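Shared chain: subunit A. Partners: subunit B in the first complex, subunit C in the second.
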Partner chain A sequence: MAHFTKATSVKDWLNQRLAIEKVEKVMASEYWIPKNINFLWAMGMVLAITFALLLVSGIFLLMYYQPDVKDAFYSVNYTIMRDVDFGWLWRHVHGVAASVVFLIIYIHMFTGIYYGSYKKGREMIWISGMLLFVTFSAEAFSGYMLPWGQMSYWAGMVITNIFSLGGLHMDGLVEWIRGDYVPAQAFLTRFFMLHVLLLPLAIMGLIGLHFAALRLPHVNNQDGEEIDFDAESKKYLAGDKAGSKVMRFANDFMSKDMMVVGIYLIFFFYLVFFQYGFALDPVNFDPADGLKTPAHIYPEWYFLWSYEILRPFSVNIGLMAFGFAQVIFMLLPWLDRSPNAVPASRRGAFSIWFWLLLIDMIVLTAMGKLPPEGIFSTIGLVAALAFIVLWIALPFITMNEKKV
Partner chain B sequence: MKNKEPLILVVVVAFTLLTYWLVEPFAHSQMHKHVESQNFAYADLPALTKSGDAANGKALVTGAAACIGCHSITKDGVPAGMDAVTAAGSYGVNPPDLSNAGVIYDAKFLADLIKNPAHALNVAHKFDAAKGQMHPMIAFAGAGGDIDQEVADMVAYLQSIAVKADQLTPKMAFEEACGRCHTMKYENWTQLGTKPEYKFEKESLAYDIKVLEYQEALTKYMGKLPPDLSMYFRSRNEHFLSTFIENPQSQLAGTAMPRVGVTADAAHKVIEHMADAGDTKRHERESVGKNVMIFIIIFAIFALLWKKQVWRDLH
Partner chain C sequence: MHNSSRRGFMGKAFGAVAGVGVVGSLVAMKKTWDPLPSVKAAGFTTLDMSIYPEGELITEKWRGKPIFVLKKTAEMIAGQTESQKARDVVVGDSHFMLAIGLCTHLGCIPGYNAAEKSFLCACHGGMFNWAGEVTKVPPPRGFDIPPFKIEGNKMILGEAGPEYQAMKDSGITL
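Moving on, here comes the complex of A and B:
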C-alpha cells in the first residue's frame, strides 16, 4: 500500500488518492497540440458537444416516450410536442442534432482524409473513428424507428428487408431481426433498447477509445510537419510560449475549440428553431400504416450515398456494391500506399482523388433521394461505379507517389 | 504563413449548402408536382348573374320538401331530422347544418352545388346514374320560376343568416367544413362533434361506439375512412394543404374527397386551426428561438474574446 500522509487541503487529499494533478496534466495542461492547425481541428469538440446535446435531450425525451406501437406516435406528437413544457424543444434539439452530427462527422472524416491523419501510427484513430461512424449510423437508424411514423415503419421495413434480397435470401435472419414477419411491437421494443442503451454504451466506449488512440501519435497538423513534441513542450514550459510549435490542450487549444463551438451553436440553434424540416421529415408526422406505402421512401440524407450505391444495380451486384461501400472506408490506412502524411494538396494524384471522391459522394447523396427515373438513375449508376473505381484505383495511384 | 481558414470555411460552407440544396429543395421539387394556387376563384364555376333576395330564399330553403328535408339550420330554429349516426347511415355522411354555410362556402360554389352537387363537389367520377349511383344530395330542379334567380335567392338567404366573416373562428371553419368526415383526435374532435368529458367509462365507450358506427357508414361511402388531421400541418406543407383544399383532384386525382368550396378566408382559417392542433407551440418556438439566438451570439462573442486573450501569448 502506498504511503499516505495527513492531507493539507482537499486538493492534496484527492491528489494522494486519485492523482488529480497528474491526470489534469495528462488530459489537459500537458496534452500537447500543434499550433499549426485550423478550425477543422475543432470538429472533435463540436462532435463532443453535439453528442452531449443528443444525450441530454434524449434523457428528457425518454421520460415521456412510450415504446408501444399503439402509443409511440401519440407520446411523441401529443405528449412531447404539445403537452409537456418545452417537450417540443427537446425533440427539435434531438432531431436536428441527430442530423447535424452526421454533417460534422463527414467534415471530420474528410478532414482526416485530406490531411492524411490516418497514417503513420494514427491508424487506430481512423479505425475507432469509423467504428464510431458505424455505431452512430445504427443509433440514428434505431432512433428513427421510435416515433413510429410512416417513414419509421417503411424505412424499417426496407432496410431490414435487405438481408432477404437476391442471392442472400436470408428470410430467417430478417424475421429474427424483426422478431416478427413485419415491423411490429417486438421490432419497436428492441430498437428502443438498442437506441437508449446498447448503442449509446458502445458509442461512449468508442469515444474513449478514439481519444485514447489520439494520445500517443498526437494530433496531426495542417502542414504534415513532424513535430518533436518532447523538445517543443520543454520550450513551452520554459516560457517560450510564442516560439514553441506546440500548445496546451487546455486552455490554449480549448479556447479555440470553444470559439468554433460558439459559432457552430449559432448555426445549430438557428436550425433547431427556424429551419428544422430537413431533420424532421414531414412524412414521419403521419402515423405508421402497414397498408399504405408512401410514394417515396428514402433514408435520412446521411445514408443516401450508400443507399444509392445499392440502388442502380441488379439485386445481387447492388448488394455486393453496398457491402463494399460499408467496409471500404475502414481500410483506407492500408489502401493508401503512399508514405506521405501531408495535406492532399501536396500529393499530386491523391489530391484529384480526394476531390473526386467528395464530389462523387455528394452526387450519390443527391441521386439517392431523387426518384430513380430517367437521367437520375443514369447519373446514379455512373456515380456508384465511379465510387467503386475510385477506391480500387487508390492503391495504384498512391503506390508511386514520391516522398515529399 | 498565410491564413487559410477563410478559404477552408468557404469550401466547407459551399459543399454543405450544395448538398442541402440537392437533397431538400431540388429533390422535393422533383418528387412532388407543383400545383399553382387559383386563390379560391373557382373559375370553372359559372358566375352569379342575379342578385338574390334573402326573404324569398328563406321560403325556398325552408319550404316543405326543400333543403331542410335533410339539413338542419339551428340558427333559424330548424332542427335536424335525424341524429348524425342515422343520417350517415342514410346518406353516407351527415348532411351539414346550414347556419354558417353562407360565410364558409363561396357563393358561386353554393349556387352550383344546389343545382348540380356532384359537379360542384368535383366527385362526378364517383357517381354513375346509369348504375343507380346517385349523389346523396338531390339537385334542386327549380321551384317553378327562373332557377338562377331562385338559386341566387337561396344563397342570399344563407349569407344573411351566417355569422360575419370576422366572427368565423378557425375552429368553426374547420369543424363545419371538414369535421363531418375528418377526426382531429388531438383536439378531441370526432365526426359527431367534440367528445364530452364523461365521468364513467361506460358513457365514454357508448360515445365511442356511436363514433364507430358513424365511421362505418362514412367508410362505406368514401371507400376509406378519411384520415385524422391532427398532425397534417406538420406532415403536409401549407401550400399543399391550401391547394388540396381548393381542389383535391389537383393533387390526388380520383380521390373520393370532394372539393368543399370554401372561401379563401375560410380555407385560411381551416389551415390555421390545423396549425393550432399540429404545431401548437409555434409562437413559443419563435419567441424562445429569438432569445436563445441572442444568448448564443453573446456566448460566441465571449468565446471569441477568450480565444484572443489566450492566444495573444502563443504568437
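Moving on, here comes the complex of A and C:
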C-alpha cells in the first residue's frame, strides 16, 4: 500500500488520495496553447457550453415530456409551453441551441479546413470531430421526432425510407427500424430512447476522444507554424512568459475563451428570448397525421445542403450522391495530398477550392429550402454536381502543391 | 512459458464464452426491435368497391398508409395504353386505379390535381398520372399496389388474391 501521512489541509488530504495538483497541471495550467491564434479557436469551448445548455434544458423537458403518440404533442405544446412555469424557457433554449450548435459546428469545421488542422498527426482530431458531427445529426433528427407534429412524422417517414436503399428495396429493414409499417408508437418510443440516452452517451464518449486526440499534436495555430511545445513551455515556466510562443490553457487561454463565450451567450439568449421562431417550424404545430403530407416539407437548415444533393437525381443516383456527401468529409486528411499545414490563403489552388466549397454549400443550402421547380431545380443540380466534382478534384489540386 | 500458455488458454476460453454471449445478445436486441405481433395482426382492411363515385380520388387507410382509390371514367378506360391496362384493377364492371398513396421515392403523399388528373409530390417534385404511372423523377417507378383480394364487390387489402399475384409476377408492382 502507498504511504499516507497525516494531512496538513483538505487540499493535502485530497492530493494524497486523488493527486489533484497533478491533475490540475495536466488538464489546465500546464496544458499548452499557442499564442498566435484568434477568436475562431474559441469555437470548441462555445460548442462545449452549447452542449451543456442542451443537456440542462433537456433534463427539465424530460420531466414533463410523454413519449406516447396520443400525448406527446400535447405534453410539449400544452403542458410544457403553458402549464409548467418557465417550461417555455427550456423548450426555447433546447430548440435554439439545437439549431445554433450546427452553425458553430460548421464554423468549427471550416476553420479546421482553412488552417489545415487535420494534418500531420491531427487526423484523429478530424475523424473524432466528424463522428461527433454524425452523432449530433442523429441526435438532432431523433429529437425532432419527439413533439410528434406533422414535420416530425413526415421527416421520420422520409428519413427512415432512405434505409430501403432505393433499388435494393430493403423495406424489411425500414419496418425493423420503425417497428411498424409506418412511424407509430414503437418508432416514437425507440427514438425517444436514442435521443435521451444512447446518443448523448455516444456524444459524451466522442467528446472525450476528441479532447484526447488534441493532447499530443496540440492545437494548431493561425500561421501554420511548427511549435516545439516542450522547449516553449520550459521557456514559459522559467519566467520568460513574453518570449515563449505558448501560454497556459488555464487561466491564460481560458480567460480569452470565456470572453468569446460571453459574447456568444448574449447573442444566444437574444435568440432565445426574441428570435426563437426560426427554430420552431410552424408546420410542426399541427399534430402528426399519417394521411396528409404537408404541402412543402424540408429539413432544418443544417441538413439542407445534403438534402439538396439527394433531391435532383433519380432515386439510386441520388442516394449514392447523398452517401458520398456523408462520408467524404471524413476522408479529408487523405484526399488532401499536400503536406502543407498552413492557412489556405498561402496554398494557391487549395484556397480557391476552399472558398468554392464554402460557396457551393451555401448555394445548396439555399436551394434545398426552395421548392424543386424551374430554375431552382437546375441551380440545385449544378451545385450538387459541383460538390462531387470539387471533392474528386481535391487530390489532384493538392498533389502538385509547392511546399511552403 | 508454462504459465503463459495457461493464460493464453484462459483468454481463449473467456473469448469463447463472451462470443456466445455477444451473439445471443445481438439476436435478442434485433428481435426486440421487430414489429410487435399486434402490429402485424392489424394489417387487413376491407373496402366496399360499389360505393365509389367515378373520376374522384378517395383515400382509404391500410397499415397506417394512405390507399388511393380512383374509379375510372369511361373516357379514361377507353384511352388506356397497354401499360395502363396492366395496372387496371377490375371489380365487376368497374375499373379502378388502386395504389399505396406514397411516393415511391421517399414516401411522401403526392397531392392529386383533379383538373390535370395527375399527382405531384411536394417533397422532391415527383409526378404520377391518373393511372399511377410515374411521369417525372425522382420516383423510380409508379405507385406500388397493395396486396388485394377481390370477393364479389368487396376487396380485402393485406391478402394477396390471384389478380394481385399476377401483377406481382409480371413486375407491375413490387
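Please note the rule applied: the second predicted complex is superposed on the first by the 403 of 404 C-alpha atoms of A that agree within 3 Å, B and C clash if a C-alpha of one lies under 4 Å from a C-alpha of the other, contacts with A are read in each partner's own complex, and residues count from 1 in each chain.
In this section, a contact is a pair of C-beta atoms (placed from the backbone, for glycine too) under 8 Å apart; a residue touches a chain by one contact, two chains touch by 3 or more.
On a predicted model such as this, the values are computed, not experimentally measured, just so you know.
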Query raised in the report: When the two structures are superposed on subunit A, do subunit B and subunit C clash or fit side by side?
Result: fit
Requested in this report: In the overlay, answer first, second, both or neither for which of subunit B and subunit C A:His296 touches.
Outcome: both
Query raised in the report: With the two structures laid over each other on chain A, which partner does A:Ser142 touch: subunit B (first), subunit C (second), both, or neither?
Result: neither
Query - Partner chain in contact with A:Asp180 - subunit B first, subunit C second, else both or neither - result: second
Query raised in the report: So, does A:Pro282 touch the first partner subunit B, the second partner subunit C, both, or neither?
Result: first
Query - After the two structures are overlaid on chain A, angle v-u-w for subunit B, subunit A, subunit C in degrees (C-alpha centres, nearest 10) - result: 60
Report task. Could you tell me if A:Trp154 is touching subunit B, subunit C, both of them or neither one (first, second, both, neither)? Result -> second
Query - Residue contacts with subunit A in the superposition, subunit B compared against subunit C - result: B
Report task. For A:Trp88, decide between first (touching subunit B), second (touching subunit C), both and neither. Result -> first
**Report entry** Minimum C-alpha spacing, chains overlaid - subunit B and subunit C, in Å
**Finding:** 11
Report task. Share the list of subunit A residues that count as touching for subunit B in one structure and for subunit C in the other. Result -> 295-296, 371
Query raised in the report: What part of subunit B is in contact with subunit A in the complex they form?
Result: 1, 4-5, 8-9, 12, 15-16, 18-20, 22-24, 26-27, 30-31, 186, 227, 230-232, 234-237, 278, 280-281, 284-286, 288-289, 292-293, 296-297, 299-304, 306-307, 309-311, 313-315
Requested in this report: Over in the complex, which subunit C residues touch subunit A? Could you list them?
Outcome: 30, 33-36, 39, 43, 59, 61, 63-66, 104-111, 121-125, 137-140, 174
**Report entry** subunit B-facing residues of subunit A, complex
**Finding:** 35-36, 38-40, 77-78, 81-82, 86, 88-89, 92, 103, 107, 222, 241-242, 247, 251-252, 255-256, 258-259, 261-263, 265-266, 269-270, 272-274, 277-278, 280, 282-287, 295-296, 301, 304, 358, 362, 365-366, 369-371, 376
Query raised in the report: Contact residues on subunit A for subunit C in the complex?
Result: 154, 157-158, 161-162, 166-167, 169, 175-182, 184, 186, 190, 290-297, 310-316, 318, 371-373, 377
